[in-house]
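Here chain A shows up in two complexes: once beside chain B, once beside chain C.
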Partner chain A sequence: MPIHEDDEMMHAEEVYTNASWRKTILTLVLFLIVAALGLFAISIGASSLGMSESIRAIMAVFLPMDDVSHFAEVVVFQLRLPRILLAIITGVSLGVAGAVMQGVLRNPLVSPFTLGLSSGAACGAALAIVLGVGILGTGQYIIMINAFFFSLLTMVVVYAISRIRGASIETLILAGVAMGYLFSAVISLLQYASGNEQLREIVFWLMGGLYAAKIENVMILIPIVVILTMILMRYSWDLNAMGAGEEVASSLGINVKQVRMACLFLSTVLTASVIAFTGVIGFIGLVSPHICRLLIGSDHRYLIPWSGLTGALLLLASDTISRTMISPTEIPVGVVTSFLGVPFFLYLLVRRKRRWWQ
Partner chain B sequence: MNKNTFIILMLASLLALSFTASGEAETVQVVDASGEHIDVPLNPERIVVLPSTPIEMIYALGEGKRVVGRGVGVPPQCPSAKDLPCVASCSVGPNVEAILDLKPDLVLMCTSNGSKPATAVERLHAAGIPVLSLPSSCEPDTLLPQIETLGKILNKSVEANEFADFIEKYLGLIEERTKDLGPDEKPTVYFECKEYKTVNEETPLQHHISLAGGTNIAAEQPVKKPIVSSEWVLETNPDIIIAGAKGESLTEETLSAARDEIVSRPGLKEVKAVKDKKVYIISKKLMKGISEPIGCLYFAKWLHPDLFKDIDPTAIHKEFLQKFFGQELEGSYAYP
Partner chain C sequence: MKLSVKELSFGYGNANALEDISLDVDEGTIVSLVGPNGAGKSTLIKCIDRILKPRKGTVFLDGKQAAMLTSRDLSKMMGYVPQSTHEVFTYTVFDVVLMGRRPHIGWRVSANDVKIVAKTLRFLGIERFASRYFDELSGGEKQKIAMARAIVQEPEILLLDEPTSSLDIRHQLEVMNIVKRLVLQRRISVVMAMHDLNLASRFSDKVVMLKDRGIYTMGNPASVLTPANIENVYGVRSEVRNGHMDRPYVMPIEPI
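Showing the complex of A and B:
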């Protein structure tokens, strides 16, 4: 009998190792798909610069090629590249933050949106627009900084409220939802009180978009997003344990409250920093963790990177459509994201029979 | 008994007479936004004016004191209008109760945008307040008829004509000099409201650009104020870039900073307009309402400096403010 058990043990270990390997490879494949889509996205656009010429311009970086026009270089490297990188980095951070927040709060409806972070950021931006912005250009940073801090502030308040009530998950989510409503009310009030010009600018911010991507901003965001994602991935085991319930996690030696606080704050910083540059981009933070949970299960070691990559894929695809569909006019990216993501998500929901949310 | 009846009858008829006399204020017939002829009171003492352009016009006619309430926008030429009670908001439209509270003899509003003003008009009519709907203040072609209408209502036709002449003179002058330009002689213009947000042919700015003898590169876009792709602007390679700057009191520094931002943008550095140093910034105040013709003069001068050598838009703006508003030109409106 014991020998038999041992055998089974061996077998299980083998199955586990195989599954892990498969998932690791799949993660790599997904990464390659994102890279391929990025390459595709960089080669299409509103100008007449075709795919072959764009690819030559990219190849010219690695190989000596002298027949690449200056125009191609400018379009590919100064206009398309920053935007594509911003789409990827934004998608990654929203996806990762969504997966972590859903994991840590064990609730399928949680996203930066439901926790009031987006409303907080939007409220900060609206305040800057109505009360503080002078002219074109220079006022831009006031809006970003305001958006960032209001987003953080929201999380601080939400967390503080939940601490008063013993830090239960429900209180935290409800406090987030309530704060979201409060900020929406402030935004409505500001919209109500503002003039035409400002109103338009607030609406603009609420729609979000990547068209104003600048390479400097992307360079600020890349280290933030990469480092925070790596730190958050280190919490994967804790999140997995917490998925089985707080008591289980505690009995396994996890300081549940501390992990929860750390994860929430790190993912808030993650979303707040990208939202500050792009405006409110909804839906991705909510849906890409779900899509991934349906596809590869809820092991956070894979779920977090997958969710990030899926977010990147979704946002990059949407943005590419938004800038090429009726070019040169652009369609707001949020519109495309929902049109693209919702049917796909619903399809997965209907097709998968098993209960996917544990 | 007979005598008493007679007295009562007398009193009653007198009373009736006095009622009709007071109720029958003088009216004047004007044309409203929808082209209908309607009667409005002549010489109204208390007017609530929701759009900002007619406020400017009434001030220019020297009758600013009759305006007792305003909408959201405060026209820059009428600083004293700022203190008037604001009885409408952008998002909810006119506040009928607040308007009634001001006991106006006439309400001027702009019914072209949305259903909210229309509901307010119905309610004001029900309350017996005459309402004149004016064309949306963004339409340049409607400026002159509006001035004429207001001159009629306020019994200031002479002043209204003088004002209209001033505007007509310069708009006519621009048209005269640019109308014979061939398509090749018209520079391509990229107008920017905000980073990569431009205007199509359905906006008033299209009028400015084509009046000034230019071609709007985004004229045919499907959205009124579309965001356009940066690489498309780069490829279209416009001859001239004009950007609108908003703000209460703009200085030369703020305008020049806005210009620096544009010329240093990666996608625009290589554009002909930037290379030829033909990037201009204009205050949004000169693109709406009564100051529109001044904005058109700047556009014309920038697009065709040779044709408008003798024209100094700043000097004309100065004259315009002094003559009709008794004000000095302060701050910067255009750069360089």
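Showing the complex of A and C:
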């Protein structure tokens, strides 16, 4: 068979190398967009503090500046910065976890929500709210700790069920969906049985939000999210290969079961950590990976960072709108996320006509 | 590389799917596994590649036990092409083939990896598809791409699970010619499960006929593909004639 040496056609090497460069640069651009939106978000809010004062307050950390008011410092560092950082870090972790879970389970409908993790966390939180007890005694963190461990417990149960049935992916997803329903039922029961104050708190938790952001919580979350994201990115090649099926992945030297378990648990810890602080924030984990597949392709080396950054962008934009649109009142962030994200997602879906779920 | 399978058995649950299989594949030869549905052809291929763990028995590569190798080292020696490939998410053809370099790379793709992939795409005459999406291509093209992925692993043994079963006659011949060229140019050894007895006859050095989880008979195509063997294994009356290049040509007539 003759080798085609067509001078007018770019060779595959060139096409691939160029595409890789473009993707790397686009990833950096997306990172800068998130950072820019973060700075913009710091400078707007319910109080009258404007852009220049906000930026001066931030710069004062690095440069000696004497004309920054105490008011500006308080607004920027105690009110706005923790919330903006929490939005970014939550968006990153939901986006990354969604991309990894969909990749490792080879299913486009999977997200922390469909696997029952969110419902598990919510159930844990609701138990702590109503009964006032958590798995680690009492105190201000019991809701968060309960939410975290219930989320993890959900994954353990779902994974164990799937192992009984020979570790098939379908069993795992169905077990997750079933557990989600079970936890929802428990939550309904708790809501029905709870008093006014508690009911309100449960409802707030179920809607999720970033209003409770505290700088010390954010400082706990940042290293967790950064480290777990980096570890998960090391599985990019395995995730790519597993897209072609377990048998091919296995013949490429991948221990499929081990990779699947590691990826599922690491991404569960990733989501559970942030959900514990924010409550249930749906949609991003499901849709951010899809948006990114349409924009950057399915190669997990790019997809994972993109999905994280897109999640951050989506959540930060939504939260900024939710706290400024009718300030000082807030619109629940989940509502804004869906209003903002769904039309964008549907637009991409229709425009590109890519049918990746078939 | 010489491949030997010794007394290999495999089972799901209580039932055995393969019993006591022993066979040799010499370097640079093509061995076809034939037999009715459920005889264990695909299972045997997966056991050789350790995708399935055999219950009993050993696979030797040049006299060394394959079970002693790490799965990554094994994947540098053996490439596997499944019967059909289905990607859930969209990858470009180049990305799909590049996955075959997984045993050789850490995280970064080197210029050498890219070169090997591009060269292989040219070797198979599919470079023009490099930036197309895999799921947009036809069955024949997909099969070649799946083969390219196994070839860039740079294996010494290639395992093919019914490589031609869903292809038109042109693609069937193209795929078999690729296999033949690999064997001639790179001394690769090939084991393939085949339904088409005539393709098996024409392209194999050795035909292994499986029946009821075991080997019924094996040898060169002329000695294996006889009306008597076909009747006993498939339950089909047939005529065997002299075909292209003096290889036996099987004409199935009716089930018995």
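General remarks:
Note that in this section the second predicted complex is superposed on the first by the 337 of 358 C-alpha atoms of A that agree within 3 Å, B and C clash if a C-alpha of one lies under 4 Å from a C-alpha of the other, contacts with A are read in each partner's own complex, and residues count from 1 in each chain.
To be clear about the criterion, contacts are C-beta pairs under 8 Å (C-beta built on N, C-alpha and C of every residue); 3 or more make two chains touch, one makes a residue touch a chain.
Here the structure is a predicted model, which means the values were calculated and not measured.
Three-chain overlay on chain A, with chain B and chain C fitting side by side and no clash. By the touch criterion defined above, A:Ile215 reaches chain B but does not reach chain C. Once chain A of one complex is fitted onto chain A of the other, the partner contacts of A:Trp21 are absent, as it touches neither chain B nor chain C. Taking Cα centres throughout, chain A sits at the apex of an angle toward chain B and chain C that amounts to 140 degrees, reported as a multiple of 10.
In the superposed model, A:Phe339 lies in contact with neither chain B nor chain C. When the two complexes are overlaid on their common chain A, residue A:Thr329 makes contact with chain B while staying clear of chain C. After overlaying the two complexes on the shared chain, residue contacts for A:Leu199 are found with chain B alone; chain C is out of touch. Shared-chain residue A:Tyr141: touches no atom of chain B or chain C. Between chain B and chain C in the chain A overlay, the least Cα distance found is 41 Å. The touching residues of chain A, when paired with chain B in their complex, are 45-49, 70-71, 74-75, 78-80, 134-138, 191-197, 199, 201, 204, 209, 211-212, 214-215, 323, 326-330. Chain contact summary for the complex, chain C toward chain A: residues 46, 49-51, 70-76, 78-80, 82, 85-92, 94-96, 98-100, 102-103, 105, 107, 109, 114-115, 117-118, 121-123, 125, 127-128, 130-131, 133, 135, 149-150, 153, 159, 177, 181. Contact residues on chain B toward chain A in their complex (touch as defined above): 72-73, 89-92, 194-196, 218, 221-223, 226-235, 243, 245-247, 250, 254-255, 257-258, 261, 266-267, 269-270, 284. Those residues of chain A lying in contact with chain C across their complex are 1, 3-4, 9, 11-13, 15-17, 19-20, 102-103, 106-108, 234, 236-238, 240-241, 243-245, 247-248, 250-255, 293, 297-299, 301, 354-358.
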